[in-house]
Amino acid sequence: MVDKIIVENLSLQYSDGTESLRDVSFNVPEKAVTVLFGPAGGGKSTLLRCLNRLNDLTEVRASAGRILIDGENVLDPDTDVIALRRKVGMVFARPVVLPMSIRENLTYGLELAGEKRRSKLDEAVERSLKLAALWDEVKGRLEDPAIALSGGQQQRLCLARSLALQPEIILLDEPTSGLDPISTGKVEAALVELKKVFTIILVPHSVQQAARTADYAAFFLQGELVEYSEGKTLFTAPKEKRTEDYVTGRFG
Amino acid sequence: MMRRAFSINRHLAQRLGFTFITLMAIATVLPIVATVIYILVKGLPAISLEFLTGFPHDGMRAGGILPAIIGTLYLTIGTAIFSVPLGIAAAIYLSEYAADTPLTRTIRIAIINLAGIPSVVYGLFGLGLFVLFLNFGTSILAASLTLSIMTLPVIISTAEESLRAVPQAFRTVSISLGATRWQTIRRIVLKEALPGILTGVILGLERAAGETAPILFTGAAFFLPRLPGSPFDATMALPYHLFVISTQVPEMPIRIQYGTALVLLVFVLTMNLIATVIRSRARAKRQW
Amino acid sequence: MEKSLNWYEFIITRLIKASGYSAILFVALIFFFLVREGIPTFGEVESTSLLNIRWYPIEDRFGILPLITGSIMVTFGAALIAVPFGIGTAIYISEIAPRWVREILKPLVELLGGLPSVVLGFLGILVLSPFLRVFLDLPTGLTAFTGSLLLGGIAVPTVVSVAEDALDAVPRAYREGAWALGATRWQTIWRVTLPAARSGVLTAIMLGIGRAIGETMAVMMVTGNAPVLATQLGSLFSPVRTMTATIAAEMGEVASGSTHYHVLFFIGMVLFLISLGVNIAASSVVFRAKKRAERILS
């Protein structure tokens, strides 16, 4: 399998010098689900935000290392971050719908990119809602305010919103942490379909979700990458003791 | 037995305390209501079409106050032209761009100071800079510029507050979808903050409309035979007019004084009402 | 398309940044012009004579002491009224009043804050002053006391708004904690909520005082305009002159560039510095409280 993303010796620091990640290296194969899991404070979310340079808004700086997406280092200051963010979509932990209608939420990114043609926009709306398994539920009320949807629906809307830009990579940071089991199941089912087309990186909110969804898994503990391998093997026969302790619930 | 008495004591204290505070609140609010009603009652008899659309005669003792009304309107618009764009832009800077540096803190202190400067000192400043140094003369332009600087802190503070009230998550999401910072501000933050900003602007302009001291030496005139034709003309204005007719014109009919006060009051209260309505309607329609 | 967007955004960002700095520019400008026209005073008038007891410009007497005492007396009286009533009303609105009363009261107080001071001065002349003259059996109703009453009413909305915001900002958890320990609501207000809002309430008081010092028109219309040094408590019931009223009353009649003109600007300088002082004091109170809170919470 081709590697879509290569993380090379990445170290991240906060503005006061404390380390968030230490010398992390791993590969993310394309068209699969790679799971980054571990206890809180492990640096997973921070790593995720480097991939679409969202950390530019925060006090986190990369002190060493590279992140290669399709062979290009996205940490390079000359990178076109706008294009990067369209290529790498993100879904956050709490569903944040923009204060607009469902349709406008979905067309927001496209309109920013300059797309004005009504036909193209409509097509993108339908396509992305179907990918996120939300089309049937909202197709009759696209002009309704997005805030009127339930929590699970809002999160799938957020997923559809990033899909509308036709990214190549999708980052999901604990996307189902506030959702009920049925909604969680719908999102996980959508990921199974989506991974046929997109490269997916998921930070799960539980070890069980990690085990359910991972094709590949990386275990992070306090800023260090402890173990990385195929999902099947990591959760059933982990090599490192720390991984085994966490996966079996001896600490958390 | 002792515990019982203690408990009664505490609740009695509360009962008395609450009553006292409530009376204080009533004593504060009652004069406001009384004032408005009093002016309404005493001023209404003077209100007629002629009063509102006519010019004054006989040394202000008869006729109408149209030039004063128009003058206040011009001054309010003039103030808006200068203070609104500048104030909103400054608020956007403080809310969306400025980091917590000593420079930013200095800006904030400067704004607080502008807010606290006595209105008559603004008048002096306006006289020194606009009327004399820049040679605009006693004019609508000089008075509006003076009033704008005075109104700036009010607009900046309320606008900044409205901008900050917009949830940070919206900005993060917008950026993650490929927006630049300004696109995010224009399409989401500014749009959602607009009602709050508008409320602040109207309240700021309301204060500017009622001020006398800043326009005393910069633009106000007591009697002008016709309406001002250009921004370089002086103008009559309601607050100044009220001041002069109530203190410096002998044998001024009381009815006309109250009438003028009523018109000014209505002007100001209408703005207040509009601002309040905007604010409550926006709160109901909010999607977050 | 991206390129033109960048260029456009660049200009807008620059304009916004410039607007941000403008506040500093204006403060500096104001101070500069006050000084420019006020400093010549020291060249034209003997500095110590500024501290004389007589303000009589016609005879070249520029003693500003009576003006200062006039301002102090009226402001002090106003504070005596505005502080208790202001904070009391703020407590009522924030802690005691039922929801529907709050919804009416808050806009009402805001309304008072919007009333033009010339209208209040007008009513002061026609209603308050004759009433006080009769009620207190004074030779004239235009006194420092009348001014204090009116000024107190003008400063109250400022105190109420800021204090109410401060009380409102006290986390609900504080009050609930006190109730859980068996305190009555009244006790909670005085022992928990008010102390927690201390810095905001102090700011409210200082801003109210600042408002009172800076008020011009209402004060000018009802304090009688007699620049007489206020020496005893009884002077409260005779006419005085404040610094602000002096500038407003006399600026229209001075020749530009004359000594009188320069002295009036000098008084403006003094007022500017006083308000600067009050504001810096107010913000340092907030700043220090915030620092202390940060230290405690970290």
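We just call them A, B and C in the order they show up, numbering each chain from 1.
Operating definition for what follows: a contact is a pair of C-beta atoms (placed from the backbone, for glycine too) under 8 Å apart; a residue touches a chain by one contact, two chains touch by 3 or more.
Computed from a predicted structure; not experimentally measured.
Novice: By C-alpha centroids, what is the most central chain here?
Specialist: B
Novice: Using C-alpha centres only, name the chain that sits farthest from chain B.
Specialist: Greatest centre separation from chain B goes to chain A.
Novice: With centres defined as the mean C-alpha position, give me the chain B-chain C separation in Å.
Specialist: Here chain B and chain C have centroids separated by 16 Å.
Novice: If you average the Cα atoms of chain A and of chain B to get two centres, how far apart are those centres in Å?
Specialist: Measuring from centre to centre gives 48 Å for this pair.
Novice: What whole-number Å value describes the gap between the mean CA coordinates of chain A and chain C?
Specialist: Computed from C-alpha means, the inter-chain centre distance equals 54 Å.
Novice: For chain A, which residues are shared contacts with two or more other chains?
Specialist: In chain A, the residues touching two or more other chains are 82.
Novice: At least two partner chains per residue is the criterion; list those residues in chain B.
Specialist: In chain B, residues 180, 183 touch at least two other chains, as defined above.
Novice: Residue numbers of chain B touching chain C in their complex, please.
Specialist: By the definition above, chain B touches chain C via 10-11, 13-14, 17-18, 20-22, 24-25, 27-29, 31-33, 35-36, 38-39, 86, 89-90, 92-94, 97-98, 106-107, 109-125, 127-129, 132-133, 149, 152-153, 156, 180-183, 203, 206-207, 209-213, 216-217, 239-240, 242-243, 246-247, 254, 257, 261, 264-265, 268-269, 271-272, 276.
Novice: In the complex formed with chain B, which residues of chain A make contact?
Specialist: Result: residues 52, 54, 57, 82-83, 85-86, 89-90, 92, 94, 96, 98-100, 108-109, 112-113, 145-147, 158, 161-162, 165 of chain A touch chain B.
Novice: Quick check on the complex: what are the chain B residues that touch chain A?
Specialist: 167, 169-180, 183, 187-188, 192, 286-288
Novice: Going by the contact rule at the top, pick out the chain C residues touching chain B in the complex.
Specialist: 5, 9, 12-13, 15-17, 19-24, 26-27, 29-30, 33-34, 36-37, 84-86, 88-89, 91-93, 96-97, 105, 107-112, 114-123, 125-127, 153, 156, 160, 184-187, 207, 210, 213-217, 221, 244, 247-248, 251-252, 256, 264-265, 268, 271-272, 275-276, 278-280, 282-283
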